[in-house]
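In what follows, a structure is listed as structure tokens, so that the remarks can point back to it.
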Amino acid sequence: MNFSSDTAAPAHPSVLEAMMRANAGPAPSYGADKITARVRTQLARVFETEDFDFWITPSGTAANALALACFCPPIASVICHQEAHIQMDERGAVEFFTGGGRLHLLPGEGAKISFDVFKDYLDEFDPSFVHGTPPAVLSLTNLTECGTAYTPDEVARFARRAKGGGLAVHMDGARFGNALVHTGASPAEMSWKAGVDVLTLGLTKTGALSCDIIILFGAAKAKGKELRARAKRAGHMPAKMRFLAAQAEAMLEGGLWLGLSAHANAMAQKLAAVFREDGIELAFDVQGNEVFALLDAHDIDKLQEDGAAFYAEWPGGSSRFVCSWATAEAEIDAVRETLKRAMRK
Amino acid sequence: MNFSSDTAAPAHPSVLEAMMRANAGPAPSYGADKITARVRTQLARVFETEDFDFWITPSGTAANALALACFCPPIASVICHQEAHIQMDERGAVEFFTGGGRLHLLPGEGAKISFDVFKDYLDEFDPSFVHGTPPAVLSLTNLTECGTAYTPDEVARFARRAKGGGLAVHMDGARFGNALVHTGASPAEMSWKAGVDVLTLGLTKTGALSCDIIILFGAAKAKGKELRARAKRAGHMPAKMRFLAAQAEAMLEGGLWLGLSAHANAMAQKLAAVFREDGIELAFDVQGNEVFALLDAHDIDKLQEDGAAFYAEWPGGSSRFVCSWATAEAEIDAVRETLKRAMRK
Amino acid sequence: MNFSSDTAAPAHPSVLEAMMRANAGPAPSYGADKITARVRTQLARVFETEDFDFWITPSGTAANALALACFCPPIASVICHQEAHIQMDERGAVEFFTGGGRLHLLPGEGAKISFDVFKDYLDEFDPSFVHGTPPAVLSLTNLTECGTAYTPDEVARFARRAKGGGLAVHMDGARFGNALVHTGASPAEMSWKAGVDVLTLGLTKTGALSCDIIILFGAAKAKGKELRARAKRAGHMPAKMRFLAAQAEAMLEGGLWLGLSAHANAMAQKLAAVFREDGIELAFDVQGNEVFALLDAHDIDKLQEDGAAFYAEWPGGSSRFVCSWATAEAEIDAVRETLKRAMRK
Amino acid sequence: MNFSSDTAAPAHPSVLEAMMRANAGPAPSYGADKITARVRTQLARVFETEDFDFWITPSGTAANALALACFCPPIASVICHQEAHIQMDERGAVEFFTGGGRLHLLPGEGAKISFDVFKDYLDEFDPSFVHGTPPAVLSLTNLTECGTAYTPDEVARFARRAKGGGLAVHMDGARFGNALVHTGASPAEMSWKAGVDVLTLGLTKTGALSCDIIILFGAAKAKGKELRARAKRAGHMPAKMRFLAAQAEAMLEGGLWLGLSAHANAMAQKLAAVFREDGIELAFDVQGNEVFALLDAHDIDKLQEDGAAFYAEWPGGSSRFVCSWATAEAEIDAVRETLKRAMRK
């Protein structure tokens, strides 16, 4: 019963096997190898476009901060949700990578930015006011921190308004696969077709060992050289780059990443059903692989006694359960059993 | 005949096997796992002290820059050799991580800082001169960029003078094992016993996949918390940290890293002998796994025609050949053959 | 009728006369002159302590950002009100000077931080959570952006809780004199005696030409050397420093700054009375030299037609009127006249 | 006999008188005032072009760092002489303002960059090498730190090569007037006509109180908005901006700045003649207002005994004497007297 995080899961066996295969003989360093070249081909297929550039990093924090630093100068800000990962969990990485840029926080239900608040903010901001810090990027997280998903239409609406104000659009897709599975959107529909300029395509939480890809779409491609320079400078151009590429290849091959995301989402739905069976309310609609249950102290105790790992005290008062590619149905059953026993008392 | 770099070599099989073993079941994220704990025990044994803290990063650039940022405030500088890797090959990572600190470059033969120049600089620097940028750290590279080694006594001499001036002492040990093998020094003798406060213990070039450890010795341990914060903020706290730890464990286990370094050094000596046989001069004494040969254009052409990979035009006019754990004696023989054929012409 | 800002006022004649006097013959550069030395003596008298250090800057933004950078490392944050000048009007200066530190915004009535929200935030923040950005400094603005004042007791209450959590306490005193006059507190009572570690003592808005002093009290004095280095590096160590010192001397001499502040406060009270006479509500209690009136569009038009300068659309819906040392009673009378005529229509 | 620095001189009376005049009544803040507008007209006349933008700062360090930050991204470097003021005397301001950019130091006689070394460096630098830090700006200092001057032709030669490599050209003109007077060049010939994109026009050392102007020429004008944002963020947009503008106006009016520069240069020539009379060698040709004399210890002692202020131990072994607008012929005579008495012993 490990629902602590999808990062607590091991890597999918295919990923490590690919790394083993990548380990045959010498290869050019720093991304000039053949596997990295093959990943380009795969990404083109997956995103239905040749008009992109990319770089692979070992962490979501690195991918987000590098991506944002290419679009947010030090004198500007990134608009994000007040509970976004870049605000809550990345120790000021954006401020660091941008050289002193700022996050501008907006509210919204279920960790989705309120469109109206966003629109009002842009409408009222006076770009000629030199004393204020103007927004340069809109960062949307999909799947959000509350396990909810933006649809492609919602993303497009945000992107249109953002671009009207000269902002670039970033998507933190640490759980991009989960959002795709839920909405039924294609990778292209959820990204560049909806107006996303730069995507953090997270594969680590999905099942890789350590692999989050920054993808620059369309005109944003022009930032490719700067992105590599920033990556190098941040220690994110490992010599044996091919092992990051091997992970990406294994995950993208045959749509493995989407299959693993689908499994995680399905497990979350089953877990949600278990809670509902017992009359336990959920804090947010389950649209991905995360379930936020409003448990009472008794249930929390019982689950922990029985060895369930989860965040008991998530901000806002719920408990967070995350399913992963490795979550077994037996773990869901075990939760059901524990809750039943808890109710009998 | 791949002598392009020790980073072009694959990882040692033991490293990947350890990663496979690490992949069984869930584990706490961000370094709270059991393997990371075991690495601590190993480092204590290897360095003969419990008085240290450490963090594992996936690249030497990350390890150097994070280490230096803990000791060099933005208003100060790091003294290093003018050909140091942090100056030549890390795209300003130190300037980035320190928030605008500076490298102060000193000359010296064979990429070893001239002690006299260093001493004179410190003697003459007036720390009360607010307009100047005072040095806060001395960074020594061992093995140096020219394949030469500092002895523990030399390191200690630098460290004493540095500390007399209030400077911390960093060692960039991207090829630390190679320097140990050459000098016969123990890890402790070459680091904390000689006055090193913080060591970048490179294992990637030695045979790992992606593993460079920052070790804080003695009082420098107090920087451990700041180091983790800076690592997180730089995207260098990957969720599945255990896979970095597994690499470290495999390399340190049974002294594998030193065995691999010894092999690389031995191959370099054989290669040097091949050059000397043919009357080809070497630019620097071979004290590690790098050979800098003063080849003529004809020899360079012949070697490249026969498929040898190496840096033909190293700054200063020599050609650089790097041996690794994976360098086979047959590769050295192939160089000998090529050069013989070249001479006959 | 110029109520646009206290920065729109000229400098007090005594200030320019002092600068003229300072211009006799050569003098040591960069703060080593006699006038700067005399300012130290004056500050000791004014703040009733010898236990301090200081530096003079030409702008409040410089003073705030330099002061905060000495106490907030790049991996941490500064707690301030969500309408604080450092958040709204300094173009990310704190993020810049701290090297990527962050502002953590808290709400509260009349631009005063809610003590309960502050206390709850500190109580709940887990300093061991490496992913979050911990607070390092509390910044209180007195007089606030809404013209309200913290009493020394209120400051002391905040400071005690802040220090319990290891935070330093900064006061943005761009309008410090105005807050003193309103509360009747002495400079010492409102600063170090209440727990303030570092004060931005603003004299520019009070009547100087360009003079905001950073004062480090007690143990914070240890940051003096770093402060000078940061000032130099930021271009805030002008060669002819004596002209900043001359301004400070003129303003502190004989309590001129407090007299000018008292005048500005008194004018604001008169202006407030004018609004109240006409049944115009005020958005905030007038506790300094600023009046926020809830004017209707008609009144705004009439005032502007008659040449009154003020911020018609302050965030929150009121209009801001600022009085200064140079505000004449005739200007208040002119407002009264205009409003009377406006009412007749 | 004060030859310590041109910054030790007082401000010219006209400058303070202009500030007094500027102090009549309220005025818009932050550069929107009438005096700042008039300075624009003056600069257009002085530089014979309308195609420019500008900003006024209170220090040369601020002007240089702000100017360079607009052209050197954090991933790049500024080429300058190894004795340039930005390297020796500004406490890492460029590294700070650029967000971690770097200075790349080049040698050359008399603090003038060797053109051949510069050319070779650009010729050999491989911009595709992501590990290296590419140059983005060339910064020339005129008058140099050794009191020598580049001619417009020399500047143009550097600028052509720089632009061929995609570099912007900056001139640190802290003593621009002195260089103009010596070379006979017009302001336009020495700046934009020679290929300078951004000039730090120093007036502080020339006779102002605190006034160094950044001028963006031609296409560089596009950086005007960014420059203001960076200035604001650095605390270099003082509210009562008009007092900086008043200084600029007074200095530019009727060519006062050039007259004062001519006086300082003439005094330096007289002083040089005094040294030569006594057979004292000069370290550098006197091409501005600085004289570097190779004095023996006896002469240094005598001069200091008689109250002469100068840098006795300038790097390189000479003693530095700086003349200013305020240097009196009597001071030169006093040096002559002292040296004569010294010789008799």
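Order of writing sets the labels: A, B, C and D. Residues in every chain begin at 1.
Basically, contacts are C-beta pairs under 8 Å (C-beta built on N, C-alpha and C of every residue); 3 or more make two chains touch, one makes a residue touch a chain.
In UniProt terms the chains read A, B, C, D = Threonine aldolase, low-specificity.
Everything numeric in this text was worked out from a predicted model, so none of it was measured.
A.B. asks: What is the minimum number of touch steps required to go from chain A to chain C?
C.D. replies: 1
A.B. asks: Which chain's mean C-alpha position is the greatest distance from chain B's?
C.D. replies: Result for the farthest chain: C.
A.B. asks: So chain B and chain C: same face meeting same face, with over half the numbers shared, or different?
C.D. replies: Here the answer is same, because the shared fraction of interface numbers exceeds one half.
A.B. asks: For the pairs B-D and A-B, output the one whose chains share more C-beta pairs in contact.
C.D. replies: So, comparing the two chain pairs, more contacts are at A-B.
A.B. asks: Between chain B and chain C, what is the separation of their C-alpha centroids in Å?
C.D. replies: The computed centroid separation for chain B versus chain C comes out at 50 Å.
A.B. asks: For chain B and chain D, let me know how many angstrom lie between their CA-based centres, rounded off.
C.D. replies: Here the centre of chain D sits 42 Å away from the centre of chain B.
A.B. asks: Please compute the C-alpha centroid of chain A, do the same for chain B, then give the distance between them in whole Å.
C.D. replies: Centre separation, chain A to chain B: 34 Å.
A.B. asks: Give me the residues of chain A that touch two or more other chains.
C.D. replies: Only 74-75, 90-92, 96, 99-100, 130-131, 229, 232-233, 237 qualify.
A.B. asks: Could you please specify the touching residues of chain B with respect to chain C in the complex?
C.D. replies: Per the stated touch rule, the residues are 30, 73-75, 99-100, 130-131, 226, 228-230, 232-233, 237.
A.B. asks: Quick one: in the complex, what on chain B touches chain D?
C.D. replies: Where chain B meets chain D, its residues are 74-75, 77, 88-92, 95-96, 98-103, 105, 130-133.
A.B. asks: Of all residues in chain A, which touch chain B in the complex?
C.D. replies: 2, 4-5, 7-11, 13, 16, 19-20, 23-29, 57-63, 65-66, 90-93, 96, 204-205, 209-210, 229, 232-240, 243, 309, 326
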